[in-house]
Structure formats: C-alpha cells, structure tokens
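I am attaching a structure below and will ask some questions about it afterwards.
Chain naming follows the written order as A, B, C, D, E and F, and within any one chain the residues start at number 1.
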Amino acid sequence: MKPSSSPADYRPKNPLVSPRFGDVATFNRLPYLPDLKGKQVDVAILGVPFDGGTSYRPGARFAPRAVREASALNRNFHPTLGVQVYDQLNVVDGGDISVNPLNLQATFKNIEKRVREVHEAGARAILVGGDHSILLPELRAIHEKFGKPILVQFDAHTDTADGAWGEKYHHGTPVRRAIEEGLLSGSDIYQIGIRGPLTAADQEEYCREQKINILDIDAFYDLKKREQFFHLIHSKASKGGKGKRRPVYLTFDVDGVDPAYAPGTGTPVVGGMTSREALESVRKLRGLSICGANVVEISPPYDHAELTSLLGAALVFEFLSLMALE
Amino acid sequence: MKPSSSPADYRPKNPLVSPRFGDVATFNRLPYLPDLKGKQVDVAILGVPFDGGTSYRPGARFAPRAVREASALNRNFHPTLGVQVYDQLNVVDGGDISVNPLNLQATFKNIEKRVREVHEAGARAILVGGDHSILLPELRAIHEKFGKPILVQFDAHTDTADGAWGEKYHHGTPVRRAIEEGLLSGSDIYQIGIRGPLTAADQEEYCREQKINILDIDAFYDLKKREQFFHLIHSKASKGGKGKRRPVYLTFDVDGVDPAYAPGTGTPVVGGMTSREALESVRKLRGLSICGANVVEISPPYDHAELTSLLGAALVFEFLSLMALE
Amino acid sequence: MKPSSSPADYRPKNPLVSPRFGDVATFNRLPYLPDLKGKQVDVAILGVPFDGGTSYRPGARFAPRAVREASALNRNFHPTLGVQVYDQLNVVDGGDISVNPLNLQATFKNIEKRVREVHEAGARAILVGGDHSILLPELRAIHEKFGKPILVQFDAHTDTADGAWGEKYHHGTPVRRAIEEGLLSGSDIYQIGIRGPLTAADQEEYCREQKINILDIDAFYDLKKREQFFHLIHSKASKGGKGKRRPVYLTFDVDGVDPAYAPGTGTPVVGGMTSREALESVRKLRGLSICGANVVEISPPYDHAELTSLLGAALVFEFLSLMALE
Amino acid sequence: MKPSSSPADYRPKNPLVSPRFGDVATFNRLPYLPDLKGKQVDVAILGVPFDGGTSYRPGARFAPRAVREASALNRNFHPTLGVQVYDQLNVVDGGDISVNPLNLQATFKNIEKRVREVHEAGARAILVGGDHSILLPELRAIHEKFGKPILVQFDAHTDTADGAWGEKYHHGTPVRRAIEEGLLSGSDIYQIGIRGPLTAADQEEYCREQKINILDIDAFYDLKKREQFFHLIHSKASKGGKGKRRPVYLTFDVDGVDPAYAPGTGTPVVGGMTSREALESVRKLRGLSICGANVVEISPPYDHAELTSLLGAALVFEFLSLMALE
Amino acid sequence: MKPSSSPADYRPKNPLVSPRFGDVATFNRLPYLPDLKGKQVDVAILGVPFDGGTSYRPGARFAPRAVREASALNRNFHPTLGVQVYDQLNVVDGGDISVNPLNLQATFKNIEKRVREVHEAGARAILVGGDHSILLPELRAIHEKFGKPILVQFDAHTDTADGAWGEKYHHGTPVRRAIEEGLLSGSDIYQIGIRGPLTAADQEEYCREQKINILDIDAFYDLKKREQFFHLIHSKASKGGKGKRRPVYLTFDVDGVDPAYAPGTGTPVVGGMTSREALESVRKLRGLSICGANVVEISPPYDHAELTSLLGAALVFEFLSLMALE
Amino acid sequence: MKPSSSPADYRPKNPLVSPRFGDVATFNRLPYLPDLKGKQVDVAILGVPFDGGTSYRPGARFAPRAVREASALNRNFHPTLGVQVYDQLNVVDGGDISVNPLNLQATFKNIEKRVREVHEAGARAILVGGDHSILLPELRAIHEKFGKPILVQFDAHTDTADGAWGEKYHHGTPVRRAIEEGLLSGSDIYQIGIRGPLTAADQEEYCREQKINILDIDAFYDLKKREQFFHLIHSKASKGGKGKRRPVYLTFDVDGVDPAYAPGTGTPVVGGMTSREALESVRKLRGLSICGANVVEISPPYDHAELTSLLGAALVFEFLSLMALE
C-alpha cells in the first residue's frame, strides 16, 4: 500500500540504535505530527485525555500519556497477521485532542472537529481515550465521512443507559445516543464480552428492541457461538452493495477484559476474557474495512506495572495491523 | 418470594440518583440494620474483621470495610440467573460481628452467637471474613439450626490440618475441627480448586479417610469431571429424604482463584482458576438450598485496584442470587 | 457546653469494646444521622464526593470514604487543647451531600442547600471534600447565615484564578468568585502556605488589589511573621463590634502541606509545611468563633498508607476541638 | 574493645567485593549465628516476627525480613559519632526468635528465654520487632540480668493502657504491665515524641501518678526542653551509685516519627518528628550504658520504597554505635 | 534416591514448629550452604542478582532476594507428581553467585565458574536470575559437563537477536550466541509461549534457518499441537543413543506467562499463558533428564503482592520435583 | 535578556487553553527541539536515561520520562526570585541523549559529545539523569568550554569512592575521577547534605586531602554554618579575576533530600533535608554564573505519587530561574 519510495515515510525510531525507554514518548515511538495538512499520512493516533464522563473511578485523562509510554515496547511486524505495519501505512502521533475537563459538550465539539480534520487530510484516526463518552463525537465525525458504520464493541457494559443524575451524556450512554442521533443502527452493533449484574432488568429490553447483537461472556466462552458471531460480523460487513464492504468502527473498552488483565479502569467487572482472547478476537476482524477505532477507559492511577496501558498499546498495534491489511 | 407490598423493603440506594462512590459504605449500598429483631429480613450480610487465625500474611481484618466499598459497583439484576435479587429478598447490612483481635476463642463465641441471632430473626447470614478460621463457629450455629449441612468449599487448601505450633484452631484447621465436632460429615464435603504442594503426603490421607470429595485444580480443568462433581453435589443435596433438599453451606476462600485474580490474600497459591470460572461454578449450585455462605481470606493490604475486594463483592451477589432463586 | 444529661448524646463507638477496624466506617466512628431535623446536634460532618472542578489529578470524589476509614484512629480527648470534644459537642456523621459528578452547578446547589439545612437544624457543618471548588457554595450558605466571615485558608495556591478553558468555576477560582459574589472581603482573607511558581506575574496583583493577607511559605518559616499573622487574624476576628467576635471560616486544602505528608492530592507543590506545623497552626485559631470548616483536595488514588486521609481525619478532629472550645 | 587479633571476628560482607543486593539477607550483611554458646559475640541482632499484639494494622511479623533487606545499605563507620562499629564489637545476626502467631503468652516465653540465652552467652540483644507488646518479655529478661533499667522510649503513644476487649497484654500496654511487674519504675521512664488525641483524659493521669517523664511532641520542638530532657536522662543514668552508670534500655516505636517518614506502621499518628531528628536524638544517648534495645512496629505491607525499613535499619546501626562507644 | 539414613540430610525448616514468615530467608527455607565441597548435595539453588543485560525495565538484580522470601510458602510434597522432593534429593541454598553489576563479561565468568563448581561437587544447579543474559554462561558450564543439551525454553521472546547498540551480549541474544558458540544446536531448542510483534520480519528467518522448534502462543492454545510439541521433546530426549536419555536444560523466562500473572518483569508482552498452564506444561517434562534449570527476568520493583516471585518460587519447586523423579 | 520581538520564542504551552495533563509530555511543556543548530536557544533541557552506573536500586533510566510528565505542573513566574523565566530565556526540550544501557564508556562519549553540541549552539545544558555517573562526561564538556568550574553538589554521598568490583567508573566515583582528570579542583567543590555511615573511615580522608568543602547534614542544620557555607561559595565564585565571576556547575542528587521527600531513588539515606530546605538552598546561589546543572538519581519504579519526579521538575525550574537572573 505504501510505495517504497514514499516521499514522507513515518516510522518508529529504531530501538537497536536508541533504547526504547529513551526520548520524548510518542505513540509507538512515531513522529509527532499534529498538523496533517498536506502530509501523506494514512493513520493518525490521537489522545483524548478526558474523563469528564466517568461515573465511578476517574483517571482516564492520564491514559494517552500512559499508553504513549507503554507503546515504547511496540514493534513493527505482526507475525500472526504477517504484516509489516509501517511498510504499509504512514502512521503518526497526532498529539492530543484539546479537551475541556469541565465541559463535556465543548470537548465533544473538539473531538468531532479534530477527527473531521484527520478525515479531511485523507487519514483515519485511532483514538486513545479517555472515557467511553468520547465515542459519541467520534461517531458523529465517522458518520459524516463514512455513513452508518458497523460498530464492533468490546466491553463489559452495553453503554445503552438512558442517563443518570439527569444527565444524558456520560460514559454509560454513548451507544444509545448514537442510535438516537441516527449515527448507528442497533442491528449493526456487535458487542462482545458483556457481563455482570445490571441495575434493572429492563436494561436488556432496550438492546433487544434495538436488535443489538450481543456476545455476552458466557456465549463468548461457547466457541461455536463465538465463531458464529464473528462470522455474522463479516457477513454484515460484506453487504455493502455492489461488492463494496461496509465500514467498521471498532471500539475497545478495556473493562471488556477481566480486571486481572486490566486493573487500571474505571468501572471494573470481574469475570471477563483474558488479554490473549481479546487480541485473538480483534484479529478475527481481519479483512474488514476499519474506518476508525478507539481504546478507552484506561485509568492509569489504578493500573499496576502498566498492565492496562500495555494492553492499550497492544490493541492500537492490532488496529493498525488490521488497517494495514485491507 | 417477597410480596410487592412488603412492609419492610430493604433495597440498595439508587445509583441513578446518588452516585455509587457516595455516602457511608455499606454492603451493596443496602440499609445498615444491626438489630434484626422484629424486622422482616431474609438475609443479613455481616462482616467478620478477624485475622487472628492467619498463618502467613495478615490483613483480612480490613476485608469487610474493603468489600463494602467495592460492593458499591454491585447491581440488582442477575442476567445469567435471571433474577431481580431485591424483589425476592429483603437484604440488609447487619454490620460487623464484634471480634477480639487477640482472642480467637472469644471471637468464635461472638460469631456463633451473632449467627444464631440472625437465624432466630428468621434470616440467613452471609459472612464476609476474616480468615478461614471463622468457618468453625459459623458451622456451629448452622449445625444447631439446620443440622449437618453439605459443605461446598472453594479453596486452594483443604483446611484439614491438625494444627501448628501447638494450636488446634487456626485458618488451616476448621474443616477437620468441624468434622471432629460432628458438625459435618466428610462425605458431605465438596472441595473445589485444591492445588499446590503439601507439607507432607499424609495430608492427603486424612481427606481420603474422611471421604472428602475433592475436585482438585487438574480435575477442575477436565470439564467432564467438573460437570460430574457438581452433579454429585446436586444428587447429594436432593437426598434430604421425603422430597426435602438438604441444606448447603457455601464457603469461598479467595485463594481458590489464582493470585492474578485475587492478589489480596494471605496464603496465595499460583495456578488457580479464574474469577470467571469461579463465578460460573458458583452458579452451578443454582437450585440448592443455601443455608448460609461466606467469603474469606481477602487481605486488602496486599490487594491492588480492589481486584480481590471486587471479587468478594461479586461473590456475595452470587450468593444472594442463589438464595433468591430457591 | 453539652449538659451531662443530654437527651441525645452522640459519641464515637468505644474502641475498647469494638476494635477500630470494625463495622461500617463513619467519620470518627460517630452515629450516622443524615436527617438532623429535631435532633440536638452541634456539628454535622458531611462528605462531598465531588472532583468535577479538578484541573489535574482527579480522585477527590473518593475522599469522604477514605477519611471515614482513616478517622477510625481518631480519639476523644485533645491533650494539647485540653478538651474532651464529645463532652462538649454532639457530633454526627451527616452522610454525603448528593453530588452530580457531571454537573458542577447542580452539585453547587446541593451543597448550598444541604449546608443551609444543617444551619437550620442549629448545627454547624464540617465538610470533607471533594476538590476546592466546593468552597464557593459553602460560602454562599455561610454568608446567608453568618454574613461575611473571615476566611482562614491553608493552601499552596491562592485559588484566585479567573478561570481556564473558558470556565469560571473550578478548583482554582472559588476565592475570586466568592469575592465577586460579595461573600467575602479580600482583606478578611488569610492565606497560609502559599508557594510555588505562578502561571503569570499578574496573579499576584489580584491578591494585592484585593488586600488578601498572605503568609507565603517563606514568611511562614519566619517565626516572627508567623506569630504576627495569627495575631492579625485574632485581632480582626475580635472586631465584631459590641464585643462580639466575627465568624471565622476555616478551609484546609491538603496541598498546603508538603506532598511528602500529603501525596494523595490533585495539584501537589513541593516545598510545603509539615503535618505537625499545619496542626500546630490550626490550633493557633483557638478561641475564634469557627462558623464552619472544610478539608479538601484529598485524592485517595494517589495516597499511600492513608497518609493524606489520616491527615484529613486529624484536621477534622482539630476543627471539632476548636469548636468545642468556644 | 575488640582486640585486633580477635579469634572470632564477625563483620559485614565487603560491598566492594560483593554487591549489597546480593546473597541471603542478614542484618547488616553480618554472619548468621543462631547458636551463640561459646562464641565471642558482643551483640546479637534478633528478629521477632510477631504482630499478635496489634490493635489496628497488622504486618509487623514481616519486619525482621524487611529490615534485613534494607540493612544491606548499612555501613561500618559512623562519622558523627566517630566510631568504627565492627572494630569495637563482634556483632551477629542471631536469627529470629521462634514465635507462635496465635499465642501471645507462648511467644512471650520464647522471647524472654532467647534474650536470656543471649545474656548468658555474654552478649547483649538488639531486637527487631514485631509489635510493641514484645517489650514486656524483653524487659523480664533485662530485669533478671541488669535489674531495673532506665527506659528511653521513642513513641507516639505511652503504651500505658490498661487493656482492651478484656485483654491485658497487647501493644498498647507493655509499659504499664512492666511497672506492675516491678520491672521498671515510672520515674525511670523517659518517653519522647508522644502526641495525638487520647481515648480519654484519664490516660494522662496514670502517667502523672507513675511519674513517667514525657517529652511530648510540642515540648520536643522546644529545643530548650529537649536539651533538658536528655540532660535529665544522663543525670539519672549516672546515679548508679559508686560511680557506676545505670543500665539504659532503649525502645524505638517507629510511630514515634511522622508517618511521612514511617508510613509502614500499625497505628500511625500524624504530626511527629522527622527521621533526622530521631537519629539525632538517639545519638544524644551517647555515653550511656545501653543494656539492650529494640525497634518495633514496622509494618512492611504498608511501607513504600522501604522508607520505614530503612529507618529501622539505620536505628539498629545507631544502637550498635552507642554500644560500641561505651 | 536418598537413603533414609543419609549422612547429610538437607531439608526445609518445619513450618509447624517455626512459622514460614520467620528467620533469615533462604530458598525454600533450606540450609544455606555456599561451600559444597565434600558435601552430599544433589541440587544447589543459586541466586544470580544481575540485570546488567536488560534492555528495558531493570530490577531483576533483586529477584533472588524476592524469590527467597516468596519461597517460604513452598512445601515438600508434590501431589500431582506424587513426589516427596526432600526424601529424594538433598537440596541447599547455595547463596548468590558473585556478580559485577557494571561488567557483564566479568559476571559471565563468575557464573560459569560457580556452576562448574556445583557440577564438580556432584550436584546440579538451579539458578534464580537475573536477566536472561545469564543463560549463556550457564550453558557454557552445562556444555562442558553434559555436552550439548536439549533446551526447553518458556518465553515470550526467542532471544535470538543479534544485538543492539553495538552490543552482542544482552538478554535478547543468549540463544543465538549459544548456537554460535556450539553450546546448542538449533534443532535441539524447544521454545514455548513465543508471541508478540517483532522488530522485523527477518527475526523469524533466523529461527527457521536454525530449525528452532517454536510452539508460539497460538499453537500453544491448539491442544493437539501442544501435545505433539511435548511429545517431540520426549522423543528427541530419548535419542541419546544406547538407551541413554539426553540431558535437558530448562530455562523459564517469566515473561513467557501473561503479565497479569507475572507483572514483575522487564519486557512484558500481553497475551501469554496463565501460571497454571505454565506449571502444567513444565510437568509434562516429567521423566526427562534435567541437567539444570533457571527462572529469569523476575523484576521485583514492578511486582505486586509477590505475584511474580511466588510464580518463580513455584517453578523452582517444579524443577526440583522433575529432578527428584528421574 | 530575551528581546520581546525575539524571532524564535520558545515557551511552554498555555495551560489555560490546553490542560496540563494533555499531549506529548516534554520538559515543562516546552517545544521539542533536538537539533539546536542555527536556533536561538539559551538553555536546552536534555534527558539522560542511563542507570548503568548504579550500585543498588536501578530505574533512573526512566527518570527523564517521569520528570517530563511531572513538569506539566511547572509554571512560568518564580515569585520568590521574581523572575518570568521564559521572558528571559529561550528554553527547549532537547530530547534525550542517546545512551547504551550496556556500555558506560560509550554512553559517556555520547553525553560529552551532546553537551558540546549544546555549547556550540550557544546554549547551556540542564541534564535530567540518569544516575550520578553521568556527571563525569558532563564535566568533561563543561571543562572544555568553561575551564574548571566551581561544583556545588547536593548529595547524601561525596561520590569520591575509588571504585568497586574492580570498576573505576560508577555512580559513587565521578567526583574523584573528575579531580583526577583535572576537570575540578577539590577546593572548588562544595557539597551539601552529606550524611550517613561510611564504608570506612578513610573515605573522609580523601575529601580532607582534596580540601573538598562539605556542609554535612548536621552542619546544614546549624543555620550559621549554612549561611557561611553559601557565603563561601559566593566569595569563591566572584574570584574570577578581572571582575569576572567563575562558572558554577550545579549537580543535585535527589538522595540529598530525605527519602520521605524523594523515595524514588537508588541509594536512599534516611535523615536528610526537606524539599523546601533544598529549594531554598538552591535559591541561595542566586547571582552566580551557572554554566550548567543536572538533577540525578531519580528512580521512578521506587517513586510514589510522583513525589521524586515533582521534586526533580521543581529543581529544573529553579535552575532555569537562576540562569534567567544572571
């Protein structure tokens, strides 16, 4: 995809020359390039240091920093998928989206605007949250550019609540709001890893009504159901009409994995999948047309030994690999 | 089970009105009701802040506090078991049992007495330990009320030691003492998750002699054996004679799960089951008549990001769900 | 002050009977009494689990919980001040003020309303924050009841910023807003422990213009200046006219002490006073008429071994002691 | 004191040859010599891994291990006191005293017996606790060998409580019990650093009645009073009659220093002295006849970066230096 | 193997007499015996406190200390393998190998020399690293004594890099160097758990060229492939000619397991196997002739609640059990 | 010093627009400018992620990263010194000096070369270590540019050892080596905060012979001696001949402060000064001609709540302020 004589060739610093723990930390040790205009960039990784939509443990505002550091251990070649990511894609660290820690709506506008700019520069965006509320403004920009995408969501929660404390917008509501705003169709949503007690039984009803596809954690561990579920996603994604594939948006809330693997998160739910199962599942999306992706809800103050940030960094590399393979 | 016009209706505070991190922390954000007399309560959750029976890392005295805090994330509806717990049961936080941190025997008397009071008030008790030594006085109260129960025990250790340093009563001996006191029959004991090296080979002999049923960790990962084992429990529990089910006591030592999932514990043993497998296994007891339950050996000073306390809180919710389903 | 045959006698649980680590954690192991109406209460300690006004590290929403736990080590008799606090005052844990983690203005209303209720019940309020933004609504309620108080503020920052990111209300602005709203006069403000670089030189000007009295950290370590400063406070407070003392509001931001003593805080500044110096300074307010007090900016996710929460709990006891001595 | 051609010459391993972080950790990297019989040893450092007398945070059972590790940074020459410790004294790691974690009385017997053995071998003992309850059995052995010593105690608490929960022996009572047993006279006790609220005012009375000398934290910071207090100790110690000095027992509870300097302890009290002030104060005992010493109440599970263990190790070196200077 | 009337009988201290947390910490509470000459020792466990070959997080120099402490929970009888280890083998803590933290080559010489001494004393060595660079000098000593062994390696990385920053010797290169030095044949190497992105695709080529046998993490979770792989090892090991088994060297880099199970390591890679799967896999080597073993890359500063050290200690016990079963 | 219409105007990002926790972390949120050629830069802050000269706890390789993050709280105006730093100086983040974690000599060459480049670009360098061994190559570059500087060193150790394990170059020897290489005169060295036991008494002799000026911690707390000492430094610095001041190099080892204030360090020594006293002391150098400065021995893996990194960041700001005031 990337011609060998690419005029702009953005690559991670070489760790055999400069040790991984050195220098200003950028995502994957990539060049920092906040202004994409006129640059030949395929993917911009952007931080969204915002946790103003959090209902329990805050701290996700420090996630972009932490993932940048953890991503120093990231490398270039994905042996399972067989792809040299940076031979295929020009990737940069686009810096952080400007947030207002006290104003969710102002932050949402900035997110939407910045993702649009990335799209206008001909690139796709991978966002490192931030809490899950940031999904909504991302989807607004995605919808504008790509139309209604298929949403593949790894999560412990469906994020279809109708609000709390009189607030419509927080990290438990983005999927419902996106449906209401016409950014998504319920039947295009594929949620993986959902588990845990609910506030009320009627929470399940909304998902049923909207025809949201859910592979809850019990179903996930039924390998047949797991296969079928990913098969369904592929089927749906290929129905773009005229042989075209539909765009897929991938959102990964780290509480989708078990807190043993992702202790640094805001609303942990015991009993989730492992990191390996998560990575393996993400790889099952190979061949889809990924129009954007994010990893959210990493809360560094609750992390230990960078477990959760390392997972976040690994997921970003998986997203890039999927994009490189299209 | 709970009539809709129940005169006393004990429910968790509504998180949509009052955030989960707010206010005095009680188990599951339930009303604090230390005096049950004359109250219509089905289950009282009681803390036992005692670690005076610990042989290695102490700290379990702080577990009731920590589980109260972690249980703020607990909810009401169990989607897998399909039960609205608080529609079925009146549940309260009964406070902590008064302990004497320097006197195991005095503490044992308080535990036995307090559990009896709960029984006299027509309720069942769920205890949040404390170290595993607290099982013995609980079983004394259980035996008085229910006769010999079936014991289902999740644990890395059989807790059938004969003592140490000249002491008969500590967290490694309650099962043996309970058998000796006639509170339990060995063949009614079902232990799950046992693993790890033993001090001596003859430790296995006692269990064999007593006909204790053990699903060690290797057998646990043989899914056929696992199924059979839970089938056996159900069979045994239904042999109450005259169509009656036998009472089942459920004790969960968090070292039954792997220390990656429960780092905050006193005598960790690597190589255990996951939290998910534990929850799933507890749910297999659905339909049994649970006369009481505890979760023990959570040691908050060694915990991280509340991993172990969150597991403890989730287990308490599973216990309640089983009780609500009878 | 409290007659020995007081009809309502609120006291901490006796630790010689019930160990300090036991039972539901309330402030100072006091009775939990959210509804003060018709109760003979002198002081209500209230939590404000709100960090929606934070500009850097969040987490103060968990401070009320953490201070409740740490306060288990609090006792009854203050040997330096020579006062048996609970012989003089009926004190209760009034629970937490209901907050909206996503809405600062709604939270401000709740704080103001709840403090008014305390005042209406004839009691004074001690608040355990929360970030420092909560000072403003408190002062609104204080002003209504007591008129313009003298403000004694321990802090690294003057909190007289004019806003950030277009927001007027956050934890760096409450003092300026309070002056603007006429709740305080600049010359009635006494700030202790101010230190550290400033965003711009003109930040000092506002304080000079408003005649705010500042004992910065260098002056604090000039013992003569320190004495004079507290003397000034006493002078000002006694100028209530007609022999009456003016009401004094005491606000303690834990970043006023050095981060070695209070690591668990949001915007730490190295080079502060020690805990001992802070306690000693608070005691210098002996004899003043304390109309209310708070301790703010404790962020438990960044704390270690409860250092900061223990300081918070100790400060609450100092506040009570001052109130008991009037 | 130690002849250069000493037949047994016990010295720390040379760090210039073997790095400090290497090998089995013994106190000060000294030889491990549990059996002193017939050995020419001046001082044996012994661990007492017992926290069965703790009323709040446990964990002191792990202190001997932690202090052994932290003491790897200890060195040989004390520049302030000007003494080459190991040129003067043969010092060994005598191992840990055998404890029974469930039985305080049995443990007390072991402690007393073991300290007697050290005395019988012609050596003095430095004990690394363990909680402060271990002081009592030590004093029994000290009393037998040396008669009533002068007790110099660094502590936040007087440890003169009369018990709790019906128990006479725990870490808050050893000084009272020692007086009652005739091991100490109240007027021979010198306590430094006492501070913090008390459970009741009458706690001060006992100390007054017993004529215990107390330099509380406020007095400690009055440098004149501090000088006088240490002068008093020296005066008292020289009154041994016939030109002989009286034996001095030195007990250091790490909660005597501020929790910022000693976070790893069981019952922290904010507002204490610094580590430097503590070390400097211990050095003021230079010239006294130290018959034994201990450092207690280090709780490693609550420590950070070995702060408290490093302090414990430094104190042991100060004790040795004092002994080497006699 | 060990006659009951063995003249030297080295066994762990009895925990029923002396609590596990007590006394100077040695591996498995075994006797410390640095000088093996003339002693009847079967296995010496040696620490190698060296992290001078680390490319990312250092800290492994503290691993021998940490594993000694964690091994206090180790016991004697392996119920799965059915072996009383210390009835079969005389095992001692041989202390740490002397390292030079600033000089890799000097350290390598010491390691090689010390392992030779163990061999000369008729014993085998189990090494507790230290980073993985220590494998090379071990293999030099192994090769001298046993010829080319079969290498079974648990690891996330193949450790076949050719160097970095101009350095040929670091923790990513020992396998390549060992092949180059003729200590190993590529086809005798069996690597388990390899995973994660690579710096470049050609890293895979070297392994293919050298015919290194790799069970990567995806293959590991294909149970058929896993069985086959271990079957292959057994086949290869039995081809010693003349009915003799070939010697097997076992090296376990703890980053072979998932960082949730081993957070305390230097170059973590998410998506690994669990501790249980690791232990189970090691046990599959039963019956092989283990000529030596190590566990490396434990970095205590990044560990939590001793998770990684406990795993290290458990692995050492597995190694001993395998050796006891030959 | 900096004209208002400066063509290149390097300033920190405005936190009132972009929150401090956002975006790629650079020192003081300054522009990242690794190539200084042709740029109008006054001071370049450079990281030196090297801990290959460490004798105890490693980890300083992660200090530049950690100080970059902590410096997000740094501001622009120094109220005590009364200077708007960035109005006076063009300051940039010059990135990290390329290190070889396995090769001290190669790293030394890179350091020396890079500092020379800074000098050649007309700027001064502030280095963020790294362990204290990096001082030597810095002094080589300093010496070349400025001749023999006066060295002001905050430290617990004199760093005048002659080596260990046969190595001449490590973090305990740079001052001795610099004297030997003629980069410094002993009588030009001013050490502050020295304390703690020594390996041997003769260590003091070397310093005496070399006429190194030492304000040990006891002298530091004698305020008269402290004044005199700084007066001496000023006297010496003004003796440049012909009215010129001599260049002063400032090196700050964070173990110069007490480990309560700087837990994250490699060879902590209890009993040091506070952060405030350290900052105040650095400010006493006002008016001197600072030719360069570093802060070393911050070890993030041992830090808590960024205490030590925050101190490091604050010190860098002090260094800049001193430079801005010349």
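Note that contacts are C-beta pairs under 8 Å (C-beta built on N, C-alpha and C of every residue); 3 or more make two chains touch, one makes a residue touch a chain.
This structure is a prediction, so every number in the text was calculated from the model and none was measured.
Think of each touching pair as a link: the shortest run of links from subunit B to subunit F has 2 of them.
The pair from D-F, A-B or A-C that reproduces the interface of E-F, where over half of the contact pairs by residue number are the same, turns out to be A-C. Two chain pairs, B-E and A-C, are compared here, and B-E has more C-beta pairs in contact (counted per touch definition above).
Subunit A maps onto subunit B through a rotation of 120°, based on Cα atoms and reported in steps of 5. Our note on geometry: subunit A versus subunit D, Cα centroid distance of 56 Å, whole angstroms. Centre-to-centre, using mean CA coordinates, subunit C is 38 Å away from subunit F. Looking at subunit C, residues 17, 19, 21, 55, 57, 61-62, 100-101, 165, 258, 260, 274, 302, 304 sit in touch with two or more other chains.
Every pair of chains meeting the contact definition is listed here: A-B, A-C, A-E, A-F, B-C, B-D, B-E, C-D, C-F, D-E, D-F, E-F. Subunit B makes touch with subunit E in their complex at residues 55-57, 163-165, 196-201, 203-204, 216-218, 221, 258-260, 263-264, 267-272, 274, 302-304. Subunit C meets subunit B in the complex at residues 17-19, 21-26, 32, 47, 49, 61-62, 64-65, 68-69, 93, 95-96, 98-101.
Touching subunit D in their complex are the following residues of subunit C: 15-17, 19-21, 72-80, 84, 258, 260-261, 274-276, 279-280, 304-307, 310-311, 314, 317.
Subunit F meets subunit E in the complex at residues 51-55, 57-59, 61-62, 100-104, 106, 165-167, 169-170, 301-302.
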